[in-house]
Amino acid sequence: MAGSTFGNQFKITTWGESHGKAVGVVIDGCPAGLALTESDIQYYLNLRKPGQSRYTTPRKEEDAVEIMSGIFEGRTTGTPISLIVYNKNARSSDYSDIARYYRPGHADYTFDAKYGFRDYRGGGRSSARETIGRVAAGAVAMKLLEACGVKICAYSKAIGPVSINPAHFNAEDIFNNPVYMPDMQAAAEAEAFIAAQMEKQDSCGGIIECRIQGMPAGIGDPVFEKLNANLAKAICSIGAVKGFEIGDGFSAARSQGSVNNDAFTTDTAGHITKATNHAGGILGGMSDSSEIIFRAAIKPTPSISRTQHTVTREGEPIDIQIKGRHDPIIVPRAVVVVQSMAALVLIDALMQNMTARVDYLRDFYKN
Amino acid sequence: MAGSTFGNQFKITTWGESHGKAVGVVIDGCPAGLALTESDIQYYLNLRKPGQSRYTTPRKEEDAVEIMSGIFEGRTTGTPISLIVYNKNARSSDYSDIARYYRPGHADYTFDAKYGFRDYRGGGRSSARETIGRVAAGAVAMKLLEACGVKICAYSKAIGPVSINPAHFNAEDIFNNPVYMPDMQAAAEAEAFIAAQMEKQDSCGGIIECRIQGMPAGIGDPVFEKLNANLAKAICSIGAVKGFEIGDGFSAARSQGSVNNDAFTTDTAGHITKATNHAGGILGGMSDSSEIIFRAAIKPTPSISRTQHTVTREGEPIDIQIKGRHDPIIVPRAVVVVQSMAALVLIDALMQNMTARVDYLRDFYKN
Amino acid sequence: MAGSTFGNQFKITTWGESHGKAVGVVIDGCPAGLALTESDIQYYLNLRKPGQSRYTTPRKEEDAVEIMSGIFEGRTTGTPISLIVYNKNARSSDYSDIARYYRPGHADYTFDAKYGFRDYRGGGRSSARETIGRVAAGAVAMKLLEACGVKICAYSKAIGPVSINPAHFNAEDIFNNPVYMPDMQAAAEAEAFIAAQMEKQDSCGGIIECRIQGMPAGIGDPVFEKLNANLAKAICSIGAVKGFEIGDGFSAARSQGSVNNDAFTTDTAGHITKATNHAGGILGGMSDSSEIIFRAAIKPTPSISRTQHTVTREGEPIDIQIKGRHDPIIVPRAVVVVQSMAALVLIDALMQNMTARVDYLRDFYKN
Amino acid sequence: MAGSTFGNQFKITTWGESHGKAVGVVIDGCPAGLALTESDIQYYLNLRKPGQSRYTTPRKEEDAVEIMSGIFEGRTTGTPISLIVYNKNARSSDYSDIARYYRPGHADYTFDAKYGFRDYRGGGRSSARETIGRVAAGAVAMKLLEACGVKICAYSKAIGPVSINPAHFNAEDIFNNPVYMPDMQAAAEAEAFIAAQMEKQDSCGGIIECRIQGMPAGIGDPVFEKLNANLAKAICSIGAVKGFEIGDGFSAARSQGSVNNDAFTTDTAGHITKATNHAGGILGGMSDSSEIIFRAAIKPTPSISRTQHTVTREGEPIDIQIKGRHDPIIVPRAVVVVQSMAALVLIDALMQNMTARVDYLRDFYKN
């Protein structure tokens, strides 16, 4: 299946393997006239770049993005924007063993089952490097969202058993600590927890939370293209995500209607709003103008250096120790990926919404 | 946006409102030659039909499906299958109040915000009756899955605080109790819990679990069309779903790599399999031949007869009491909807997988 | 393949066979707020209805359309519009022979080759009745185009060797003669020509022309979604169409650049326009604000009552005489189908164009 | 709109402008296991490369393709194949004038109308260099078609008034003359005709014909995804194409049913076939196992050095002489583009056909 394309009006197609020449993305459908430079995109790529702290793989990659098309005199032209990031520090020799066996928790086996063979170097297409295209495209989406008055903020909410304290929440702190938590104290505890896992040659997971402000009401669609459904797909398409919830999420399953229902009211400006936000900003698949809030559960990094049991391609049992350079935790580097995927969903929904009423067409075509 | 179409190779388009003439679905891309009768479909529709127990709305609907096209001499012809269910017991007068105000927890406000007005009768397109088309199409998908050796089983795992006891699990009991639990004892407790909510004019939620057996390895795609991502979208597009998780889901976020990784091994027949199944049957977005297991969090029914605060369309505060006929819990009737949406995703993925290798093309075209 | 869906933002899905219960269409993505009644749609269906003249099949069908969903208080709600036309005069007995052999010029053989069997009654899904859904959806598109200031006019340009005389062109005459020509004199000659074919138990073809006025410049897209490419697909998807050309079309292949190029100039209002229109109103895949003009070549009706040679399903030679009720010419009844398909392409392109510039987003979301 | 993606199962996305850094294409959905090298692709790119004869622009471009992803150990992996061709001989200074005015017959005006501004250097995205991505992807499709037993042959059928003589047809001669005609004598006449246009600072057009052999019966779909409809879109999406016809095409409009109908018969091997092929190999939108034959009308090159009248961006009249390096005829270089677009349509249809019957699923999944 052609599974590397995402979006409808704002459509992206990513390509590239961990140890191939490069990874990249083509963005098609970006409106014309948006000011865009490589540094706009580089800012976000740097947030997911490896080698930033002791909790990420020591593989050194500049991850420098190059704009290949779609920009003229500093602005988008409406034609496809092709972005490339060359792989510079690929050390394929690290991965020669992987060709022979199936790493637990990885896609080695399923790739072979589907395609008959695989590019095993560094996980090939199932490597986290695949997310570079998502983040590069997400950066463009973020600029468009800004033009629409929408802001997205994502962060680590929990790492292993360490959760942020809502009372300490400070969005400005997110990128002031290596675990991307909006709570410096929790961040310090999380660092200690990660360090302990590293000592044990183990890894850990966590929860990423994402908040979206400024979405007007009515964005998204009833039935299959619900805004939350598209967010769910976008987020669950990120490699290590095992769960998605919006608003009160799984807690809502234990609540009562009398508690979970959010009463409508009006704000000081007289606009209709909700007194509470158990729903997480979406009702019936469409934004309700409250903050949209969702969470993603991230599994522990499957690559651990501890000895593991598995089988070879031929089904022979084997004990392995995974070499190479790996993150002890995926969560921090995935924060910007979650934000990027959310941005892609939101801009597409905002664009599609512009034809929701015949009056919008009349106004646009002045008739 | 055209948001009522779902799927690629096996594509469905649903239509219809709660109090319109009928609801229906067009299935396009169904392979030719499948034996199919109205009773094949009716079986599943009956599982979601209202009025089946004291825990569902007393609205009486036969929900009798009629095949309008696509079948000839008892078999699918490969052309679109149009299915219709007439609305027979629509009592629009019950809903005349709703036109004026916004019910908490419902899509009234967001529909108005998007489209400028809404068909308020019975919730219009955001009514649970919209799921009839999903279930009818899902029934056809179930028959195709059977031809591929795949089985799906869904049930209520929890209702409010009452969870099934894995030790009592008996799939054959699922439809032997009105709450569709595979554990008669838990079912009895759940019934008591629901009854208590009804006494309080309140409602409750729960968790639906779905298990899929017989999926060969390699179904689904890397990157955006991961099998779990498409399941997440499918499930989160169901009205009351607030969360989705696969395998260990949110628990995985607190686990370690050494625990969460599933060791590969071989079964007695020598086939590669996994010793455990924390992953829930999907690795890297593709099925790994283990059982696929996922859960959906369902919110409490928003329609409760207790007095609630809200605003009118003009933003004036108002106290309302919702009349009409409503379920005190959505979970049981949503079980077959969850199963249907899973079936739609699986058959589409199985069909798309048939072109994954050039050898498949060579074999098919005998060249 | 799911091949019965057309369009992106304005998306239609047709269903139904010639001798099934009904034919229909679901329109998804229609903007909300459009005034729409059954008679708006019936007007166009009546133009393609059989039994209107001695040059169409005497099969009597009212082709009365019924709106099943998507309209509330006389206006579109933004949700899917389901339209049904029941087949009332299906005489399947006429077709019992067809089950055994392959009619020349028909899809009998290719349906069997693809699907293994076919609904042979009246041609099943390959019957001209399939176009009812297109025309019903086209009627809705026509109303939306009106809201955008766009007008479409289609007519028979040639029937066999009889062409309209441009000097006699009168759009108001189109539906004043049974062959739908904008030239009463040519129409009379065409009628005589058709009558002569009928005497010989033969059939004839012709050319349909379509003119579109009021399209603003810039509609359509570069590369694959060129407005002319989508028109070509739309028109060539109509059963009997064998060719499509825009502007000077095949004549342009014999022209010179110095002749074929249309000089830009300004009109009396100072707007940029073209001095000539060899291009047919589209440059680089986008409308250039001149009249869009294209033509479709329609083959002779394949069903003729004259004896023909063919083979049975088993490949045995057989001489056949096709019974049943058939048009001696397809052209007149296809005029409204061509117009409808053009309308579907245009409204989709107009809707998609509303996100072409970032300033459009800024204006819409007032930011 | 996201208009640079083409295809469903075999999906391509092109990007790049004439004078940007590079042009490229991402192929998504290519089956795994296909042997593929850069030289497989280069062969086709060389057929459209400029500077090959005195009848093409003297712009010298190597058009060397580089595979960036999707190949491992010489075979496709099933993941996206990214192909890049760098622009090496871009002389943007030639085009500085174009910024100010609208060239007749070009997309300058419509790009400005749609997007508000344009990358005017060498026509930007509307340059013929855009077709490099189509041809590179088409080369991969050609290899897949070979695996399915399908062959495509395209050539110049007519250049201006000079047509090939069917009696002289020799497919092996096609690339033995600079105008790509399968008739050396006609080619010589065509060369003389082109030379005469060049003397007059003028340009000419022509007709490309394409023949496809080996397509099994039943490929393509009824209704909107007819094989001929998709071919029409594919071909009409090529810049200079003004018309498309299949089989007898526009001539069929003047024919009779008794002539135009192709009688079914059996070949010496007992397979069902047609005695004639007026239909051009497709009936009811599906291949009928006869040769598929279609034609495209190509307009004269709009860039001529003769003085032309036009307007500036501000609407002021101006006389221009187009500088730069231009082909006096588009036809020969477009031959491989037509072939490539046909290949893309065919492979997609062949892939989609593999799920047409439930028995195919049963066989594949051995159930």
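By letter and in written order, the chains are A, B, C and D; residue numbering begins at 1 in each of them.
Methods note: a contact is a pair of C-beta atoms (placed from the backbone, for glycine too) under 8 Å apart; a residue touches a chain by one contact, two chains touch by 3 or more.
As the structure is a computational prediction, the values presented were derived from the model and not from experiment.
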{"item": "Between the pairs B-C and C-D, the one where more C-beta pairs touch", "value": "C-D"}
{"item": "Chain of greatest Cα-centre distance to subunit D", "value": "B"}
{"item": "Gap in Å, rounded to a whole number, between the CA centres of subunit D and subunit C", "value": "26"}
{"item": "Geometric centre distance via CA averages, subunit D-subunit B, whole Å", "value": "44"}
{"item": "Distance from subunit C to subunit B - Cα centre to Cα centre, in angstrom", "value": "38"}
{"item": "Residues of subunit C whose C-beta touches two or more other chains", "value": "1, 3-5, 8-9, 14, 29, 32-33, 78-79, 114-116, 125, 216, 222, 352, 355-357, 359"}
{"item": "Touching residues (chain side subunit A, partner subunit D) in the complex", "value": "1-5, 7-11, 13-17, 20-24, 26, 28-29, 32-33, 66, 68-70, 72-73, 75, 77-82, 84, 114-119, 121, 124-125"}
{"item": "Subunit A-facing residues of subunit B, complex", "value": "1, 3-6, 8, 14, 102, 104-107, 109-116, 125-126, 130, 158, 160-161, 197, 200, 202-207, 216-219, 221-226, 228-237, 239, 242-250, 252-266, 270-272, 275, 279-280, 282-289, 297-304, 306, 308-311, 315, 317, 349, 352-353, 355-357, 359"}
{"item": "Residues of subunit A that touch subunit C when the two form their complex", "value": "8-9, 29, 31-34, 76, 78-79, 144, 147-149, 216, 222, 350-352, 354-362, 364-367"}
